[in-house]
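Take a look at the structures listed below.
You will see two complexes here that share chain A, one where it goes with chain B and one where it goes with chain C.
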Partner chain A sequence: MKQHIIVNSQTIDVLAVMMLMATVLHISTSRLTTCVWAYAIRSFILACASGLIAYYSGIYHIFITTGITLVIKVVIIPGFLFYIIKKVGIKKEVESYLSFTLSLLCSCGVILIAYYATEPIIRFESTFMRHCLPVSIAITLVGFFTMITRKKAITQILGLLAMEDGLFFAALSTSYGMPLIVELGVFFDILVSVIIMGIYVYRIKETFETTDTGFLRELRE
Partner chain B sequence: MLISILLVIPLITAIACVFIKKHNISKYISVAGSFTLLLYNIYLSYNIYLNHSLKELNGFFYVDALSLLTAQIVSVVGFAAALYSIGYMDAELHEAEFPEKRLRWYYFLFHIFIFTMLAVCVTNNLGIMWVAIEATTLSTTFLVGFYNKKPHQEAAWKYIIICTVGITLALFGVILTYHSSKDVIGEIGHALNWTDLLAVADRFEPHTMKLAFLFIIIGYGTKAGLAPMHTWLPDAHSQAPSPISALFSGVLLNCSLYGIIRFHIISSKCLGPNYSCTLLMAFGLISVIVSIPFILVQRDYKRLFAFSSIEHIGFIALGLGFGGMYSIYGAELHTFNHAVAKSLLFFCGGNLFLKYKTREMESIKGIIRTMPVTGVILIIAVFAITGIPPFNIFVSEFIVLADAFSSGSAFVLIFTSLLIVFLVLIFIGYINNIFKMIFSEPTDNIVRGEVNKFTIAAMCFLLVFVLIISFYVPPIMREILSQISDIIRNT
Partner chain C sequence: MIQLIILPILQIVVIVGLSPLVKGFINKTEARFQCRRGPSLFQPYYNLTKLLRKDAVVSETASWIFRATPYVTFISILIIALLVPVLSSTVPANFTGDVILVIYLFALGRFFLVLSSLDTGSAFGGIGGSREMAISSMAEPAMMLSVFTVAIISGSTNLSNITQAMLSYKLLSPALFLALAALVIVIIAEAGRIPVDNPFTHLELTMIHEGMILEFSGRYLALIEWASCMKLLILLTILVNTFLPWGVASGLTFPGLIISFAFYVVKIGFFALLIAIVESSFAKVRLFRIPNLLGTSFILAVLAIITHYIVS
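Up next is the complex of A and B:
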């Protein structure tokens, strides 16, 4: 029962909003490298928030997950994505089925939906971070939205990572993270899945000579 | 130690396989490993049969009748697939479809895949179960794209993207379950343990639990192939090598369904059975409906079998959703029956592919004359999978439908009547498609005779199970199934 812990919730709120802004930056930019930078920045803010929560709540295992976040999400995954972008030699930048302004508008709508949808749940909440749940859902949904609308394989990976970030933050803000062993397993899975997807981006580029997933249309009835 | 050894066996086999470059040696190691696993699993089953359930490492591992059945399916189909792989991969290697050194990765990933599925069955921690289900996706992506040509890469990319997104949604379900339990259990190391959660599930926060189950059924349902989240399934099943398709259809779908069932039990205790049963019924019926048109007009036999898997998973979900004692009994029996019969079908499909080098049904003719053994087994497997008496799937479908009809609820009656009509339609689609391939004049340029004796051995092994269940459900299996029925109904 950690309900009595008082965390300086305003700082956490500010960090949460900054994470949301980094996600919106990811939606609105047309340069692939900027997208990866946006991911790295969001992960860094996530690590800061998780470190603060660990400090205030005094739960030691959140420090460990913070450390792993810093290593995996801020250093290894963005580094790997930059490596893949360079190796594949992507020239055309981000392509979308929707125009950038329209996708910005849509993501605003998605954020509103997230606030509206979580309202009945957080009404019962006594936890300290009432604003964090809607923000984390919003990040998850915006990530989902990028996966649907973007054509390039790498942007789809980034959308998936955004979803995972959102859920990580949701777990952190609603229940101080999951048990340590589960968190470790989740980190491992995310890392391996990004590596496998990266390998496939490379292979698809080799055989199809593009990373545009719109060309993957052979298998159907 | 009992349960840990179960996980260690496939790991050792996997590591042994990766270091051996010669296929002549590694294939026997792979088969020996999976045979040991099969024997050990029988020994473990006997132990659990005596004690009802088994806990290990402070409750980190937990095995009861439900996990036992799923693990048993993994080891039976796993052994058959390992045996089949020898013959299939020998033939493919002979055709020089891929370099020999790639095969050691095939066997490595094959056994890692078995390991992750066993981990899903034996873990007690719902978070670790999530990790293991995600790990099944990761270990099989390279198997789907094994031949590494255009369609295989497309299938592999769709598979990893759709399944990972689905499973990420399931993670949210796990988080919400954890959150709704926290006020009751508090934050301790084993807080996500299924047994501990179940003990206090009636005091969970119901709103959060409702949302959690919804995310779980969407998330794990993606992996289980429930419609409308099934879109990856026909592609991945048709592009993977046949032994892997058999494992996908027979076992992987059951493992994800197993994840849904564990949450279904918790949610039933928290919210009453109606909520989760209705969801299971709805998704089940949609899956059966969605598969029909594709089965009727299908031209590729592996895709035909894949769509039929969607239908059967839908049927199992319906059986669980009806919620009566015998319908759950029937649904779980159906899980086993479908696993053996569908793997058998995929093995037949693999033999056809080795012989004719095509997956188009139109260009395959006269199987019964060219490959008599495969032809006969294919006829039995098709009759079994479409639910023709006296074969095993008829038995389990009959149990489920009879229980549904006797339940007396009008809602369930409508569902069941619709279901029977759909089953007839699916039968027509199957017979129409497959029998043209079996009974027609063979084309002249095909060499007669079976491809390989290992593939036939694997098929006969599974055929034994199909035939036994057709006429007689052994008492030990009956006991395990009724224990499962009690676990799911939580009585």
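Up next is the complex of A and C:
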């Protein structure tokens, strides 16, 4: 049994690291559609990890959240984002306030901060899922970072979604998730907020002929 | 005694003999993806024999560096072929050096290639050389970091010891996983495959490796082409035998070597197929986007080391 737990925690650790890699893909790509793909891939890995955690921990309400993750985060939200990208007709690539290399290096620094900040906590933890906490904090911080530095409204939505993913994974890996009703509320929130922001992107595009949120700061007649 | 004689010969035969086949396999697979029949699997061998029989034309302004370069490149790669574990975790030239020597022997061959590209005074050679140096200055740190991650985990920079230690590692740990991803990106850049450099093009503005070897002909060209085939195979060998050393023989028994060879062919074939798929489905990135790609690889390698130190 002991051996069993070690093996599956390593599987979950590898899945966590794969989520981190999907996040690195998210910050390193210059194409908007690849960003959305990175989100879909990360959500899929998240669903796999939460399914495994549910299976090994025997807490079966996590299966419900896994199913909802698969439906909402892997299918509906990426599909909706692709639909918006197509509808708004965004052809330009990802734009950032920082240069590309600088933003890559900053994200690397942010991830390192996450690792160093969580180090005192995980040092005393048992071997079970030690990689998950730093990875989830890193994903949250990187999502925050992309929200701050990216210009397009859609990339900011993706940053928010990354933060939500990170927090969800942190809750899942440290305390086997929040109560089911809270999870349902969060899922509903994220779905509604993505749809509202999608409409908002469309309105920005209609008013300013661009989805660059920098224009919102300018005074207009 | 047997180990002293058989193993070096075996490694040289495998690396030197099979490397054009890997290239042929990649070309054939790509042709299949494009719904063509493609050249024969053995086309690189035909090309090499044809080139070896031809005389070389050397520019009048070229110095001795130009004539020495093909030999330096070829021999430096040949020495690397003796330094990496191929079929057995025992390495013939084990006593001479470790993975750092391997990286710097690659750098030596590249250095001479760049010098010779400048030597003839051709404009394309200069462009190719400067681009090659720019890319390698970014690829080298990422490669070092990802290889060092494995070295730290296994506690030795000696490739033979690394393979030996990794053989007892049953599961891929998260740090190794990150380092593997970083190394795959670096290998594509180092071998000059598609997202970074197009090995088939002779268009002035895009070629990197082809630009450097544009002035070579005849047997010199054959040696350089062969060396670049061997470089790809050796990089793949380092990848599979340090990260996924399943089936590598730890002793030197005959059946062990046969099994090891079968595993080796399957693993190399898998990664060659992966390269062919990547080349068929991605376009070459713009030159100024290459730092993003290699920066990503560098970050993955840094994360690998950090993950190992902080968490494991």
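A few notes on this one:
Keep in mind that, in the parts below, the second predicted complex is superposed on the first by the 205 of 221 C-alpha atoms of A that agree within 3 Å, B and C clash if a C-alpha of one lies under 4 Å from a C-alpha of the other, contacts with A are read in each partner's own complex, and residues count from 1 in each chain.
Everything that follows uses one rule, which is that a contact is a pair of C-beta atoms (placed from the backbone, for glycine too) under 8 Å apart; a residue touches a chain by one contact, two chains touch by 3 or more.
Keep in mind the model is a prediction, meaning the values are calculated, not measured.
In the three-chain model built by superposing on chain A, chain B fits alongside chain C with no clash.
Of the two partner chains placed around the shared chain by superposition, chain C is the only one that A:T101 touches, whereas chain B remains out of contact.
Looking at the shared chain after the overlay, A:P134 reaches chain C, while chain B stays out of its contact range.
Within the superposed three-chain model, A:V186 lies in touch with chain B and out of touch with chain C [touch as defined at top]. Of the two partner chains placed by the overlay, only chain B lies in contact with A:I204; chain C stays clear of it.
Put simply, more of the residues of chain A are touched by B, taking chain B and chain C as the two choices. Look at A:S28: by the touch rule set out above, it reaches chain C but stays clear of chain B. Fitting both structures onto chain A leaves chain B and chain C with a minimum C-alpha separation of 19 Å.
In the superposition on chain A, none of the residues of chain A is touched both by chain B in one structure and by chain C in the other. Listing the residues of chain A that touch chain C in their complex gives 7, 10, 13-14, 16-18, 20-21, 24-25, 28, 30, 100-101, 104-105, 107-108, 111-112, 115-116, 119, 122, 130-131, 134. Interface of chain A with chain B (complex): residues 1-2, 59, 120-121, 124, 140, 144, 147, 153, 156, 160, 163-164, 167, 170-171, 174-176, 178-182, 185-186, 188-189, 192-193, 196-197, 200, 203-204, 207-208, 213, 216-219, 221.
For chain B in complex with chain A, the residues that touch the partner chain are 125, 127-128, 130-131, 134-135, 137-138, 141-142, 145, 148-151, 153-158, 160-161, 164-165, 168, 171-172, 174-175, 178-179, 182, 186-187, 189-192, 205, 207-208, 211, 234-235, 238-239, 294, 297-298, 303.
Within the complex formed with chain A, the residues of chain C that make contact are 171-174, 177-178, 181, 289, 291-293, 295-296, 299-300, 302-303, 306-307, 310-312.
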